[in-house]
C-alpha cells in the first residue's frame, strides 16, 4: 500500500532573474515615463547641490553687483536686494533645502516605518495605542503645529528638521502598518514563528524587505512635502535667518519688496526650483506606488481588447 | 465529556513520572522505553467567539468555539497517521496545538513523555527542533525574496546549529538531497518562483528536515500540487518515516491518499475523533455512519465503478453550538433516540475504535 | 456534425510586455453535444482554463485568438468581442474558478442572481427577483434565502448560488472551472450531484474543467486530456480509463490514488514544457515512459484510435497504420 517511485527532480530550466530589488526599479523606470522624468529631475538637483560649491559663479553671501540688478550676461539670474548673485544664491539655497528635506524625511521615515511595523506586527494594545497617537498627529493642521513648535524652540535649521520629521510620519505609519498586517499573515511568517524564530529576526529579515519598496515610495513623496513645508516655515520667518535656503530666499525677496520693484528674478526662478523638485518627487513616488498596487493592473478595465488574428508562423502546422 | 477514552486503555498509561522529567528527555531518543513519540490525551482547545462592543456592554456571555473537544491518540516513530475530516472538524486546530502555536484549554500533549502543552515559550524553543511542520501551500510557505540556500539555512541560524558556514552548507545540501532535490547544488541559488510546485514543497520539506526532527506535522501537504507530482511528495514522506524513523501526522481531506499512504486513519467530526484504526480497517470496514458516508462519496477512477453516494445534507455544523448527544446525530441517516441524548464514547468495534451507539 | 458547440483549431496566445509570447492553447478542436457532460482535464498551465475562457471571449487585452468556435454552426468569435457578447450568459454561461468567494459581500444573494437578467434583458425588477428565488430552489437553496447576504451562506451554498447565477439567463451550455476544488468531499459530492441533475433535467450541456480525474470519471461521459496547450487524448471516459492510448493519460491515472486500489501510485517525472517557445517533436516526450527516437522530431497529430476516441501519440499512430494495412 505504498508508492516508492521517486519524482526525479529533473526538468529545471533556466529562468529569467526575478524582478525583485534593483530589478523592480529598473523595470519601473523602463515602463513608466513619469518615473524616469521624476528621477531625472531629482538626480539633476542632487548633482547640482553636490557640485555647486565648485561651479557657482559668485559668492552666495557677499555683494557682487548692484541691488536688484536685472539678469545680464554676467549675472544670468540677476541680483537680489543685497547685490548678491541670484544663481549662486539659488545653488547654495538648494543645497540646504535638499539637506533639510532629506534629513526631515529620514526622521519621518524612521518614526513612521518603526511605528507602522511595530503596530502592524504586534497588534493588540500596542497597535491601539500607537494608532491613537498617529490619529491625533494626523488631524492636527501641519503648518499651525509647526509654527507653534518652531516658535517655542526658537528658529534653527535643526529644529525645522525635527518639526517636519515629527509631523510627516503619520501617513507612512498607516500605510506601512496595513502592509505589515497582510505580510505577517503569510504562511512563511507563521512557519518561522513555529520554528522558534524571534520577532527581531522575522521583522528584519522577512517583513522589512517586503515593505521596503512601499517605504521608498513614501520616502520620495515625503521629501516633496518636507521641502514644501520648509519653504513655508522659512517664509513665515520661523527659520534661522542667517542660513540661505530656497525658503529664506523667497522670504527675503518678499520682505524687501522685490515684487513692487519689478524684480521678478528674485522670486520666480526660486519658485520654479521648489515646484520642480516637488513635481519630481511626486512623479517618482506615485509611479512606485502605482507599480506596487496590483489593483491598477486589472485587465477588464482596459479599453483595448483581445484580437482575432490569423495564425502566422505559430503552432504545430507552422512552416 | 473528556472521558471518551477512559473505557479503553489501548495505550499503556505513560509512567507517571513522565511529565516531571526534565525537558532534555523530550529531545532524547526514547529507545526501547516504550513511551510513544507523540501522545495526545483528552486534548481540548476552545477559542472565544469575538463579541461586538454592544454585546460586551450588555454582558452577553462569552461563547466558545469548540475546535478540539477531547481528542486522544498516540503516534510512534516510523508511523504515519492521517487525520481526516471536513473543514471545521478541528484537525488543523489539533495540529496547531501540538505545534505549540495555540495553547490548549485542557489535556496533555506528550512528546517522548514530556508534556509540552503548557510549556512557556522559552522552554518550548529547544523542542521546536523536534516537531516540524509542512504547510499546505508551497507558494506561500517560502519567503519569495529568499534563495533556497537562505531558506534552508535559516532554521539552523535560528537554533544556532551548524557552526561554520561550510558546515551549514553541507547540512543544507544534505537536507535538500534527502528531500529529493538532487543534485542540490542546482537548487541552492534559486528563488521560489523559479521552481515548480513540487520542487517548492520539497524545499519546504528540506527546511523541516534540516533540524533533524522526530515528528513531522503535514497539513494537506499535496492538495495544492499538481496531480502528476503528488505521488512523489507523498512517497518522500513515506520514505522519511520508513528510513529516518520519523513519526508523521498528516492532515488530509482526501481519503484515497490517506488509504494509500497512512498506517492509521483517524476520522474527526466536530472536534472529536469518531473512528480510528489501521488504514485498511477504516477504509474497508468502516463502522461509524459518518465514515461510511465519507467513503461513499469519494470518486473512483474507474468510470464503470458507479458510485452509490450516500450524500449527507448540509455541512458540518458550527462548532459553537455543538449538538447534544452524539454530535453527528442531526445529519446521521440512522440516528435513534439514544443518539440525541447520550454522547457515545470511543470503543473497540470490529477491531478498531468507533464512537457510535449503533456500531 | 451533431455538435451543439464545435471548437475548431483554437489557438490563444498572450503577448506580455518584455517577454516572449506565450502560446497557451495550440490548436484545440472538440465538440460538445446537447445535454452532454464533457470533461477537460490536465495539470495546471496546460491551457484548459484559457480554452474555456476563449469560448466566451473572456480574454485579457494582450491575448490573440485564432480558430473557430461554432454555436449551432455560427462562428461566434468571427467579429471579436462584439460578436461574442450577445451569446455570453444567454447561451454560454460560466461558473468561474473560486466563484463562491467572488460574490459581492454587501449585496443580497437574490439581487446578485437577478443582476445579469437585467443586463441581458431577460427579466427586470420584481420578475427578476422572483426568478432568482426559483433558481435558488433549483440549485437546492430555499427561495427565501435570496434575502440573505453571501456571508450568511456556507461554502457549499455559495457555490450553489454561483451556479444559480450562471443559470440566470437559461443558457444551453454551462462552463464550470474547478467547481469543487476548494470544497470538502461531502460538499463536492453535493455539487457534482447538482451539476448532473441540472444537465439531466434542463438538458444543459456542461464542460467540467478540473485536474481531478476521478471527478471527471464519475461525472462526465466524455473527456479531453490536455497537455501543453494541446489535446493529448479525447474520447469516451470509459475508453480513456480502460484503454488509454496516450502515455500521459495512462500516467495521470496511475498518479491518482484510488480508495480501494492496491496499485503503486507513481508521479510523472519532470514538469510540463514552457509555452513561450516553439516546441519540436512531441511535447510529452521528456516525461514519457515509452519514448521513441522519432518522438523528438515528429509532432504527433490527433488520430482516431477507436470509436470517437482520438490520441496524439506516435505509438498510437503506428498501431493505426498497421490496422489500416491489415484491413
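Odds and ends about this structure:
The chains carry the letters A, B and C, assigned in the order they are written, with residues numbered from 1 in each.
Just so it is clear, a residue touches a chain if its C-beta (ideal position, glycine included) is under 8 Å from a C-beta of that chain, and two chains touch if they have at least 3 such contacts.
Note that the structure is a prediction, hence the values are computed from the model and not measured.
Inter-chain contacts peak for the pair B-C. In this assembly, the chain whose C-alpha centre lies farthest from chain B is A.
If each chain is reduced to the centroid of its CA atoms, chain A and chain C end up 48 Å from each other.
Averaging C-alpha coordinates per chain places the centre of chain B 34 Å away from that of chain C.
Multi-chain contact residues of chain A (touching two or more other chains): 1-7, 11. In chain B, the residues that touch at least two other chains are 196, 198, 229, 231-235, 259-261. Among the residues of chain C, those in touch with two or more other chains are 265-268, 271. Partner chain C is touched in their complex by these residues of chain A: 1-8, 10-11, 13, 16, 27, 30-31, 299-300, 302, 304-311, 314-318. Touching chain A in their complex are the following residues of chain C: 11, 13, 17-19, 23, 26-27, 57, 59-67, 77-81, 230, 262, 264-271, 274, 278, 286-287, 299, 301.
Per the touch definition, chain A reaches chain B in the complex via residues 1-7, 9, 11-12, 15, 18, 20-21, 186-188, 190-198, 201, 205-206, 209-210.
Interface of chain C with chain B (complex): residues 43-44, 154-156, 184-190, 192-193, 211-215, 217-219, 237-238, 241-242, 251-253, 255-261, 265-268, 271. The residues of chain B lying in touch with chain C in their complex are 86-87, 196-198, 226-235, 253-257, 259-261, 283-284, 293-295, 297-304, 306-307, 309, 311-312, 315-316.
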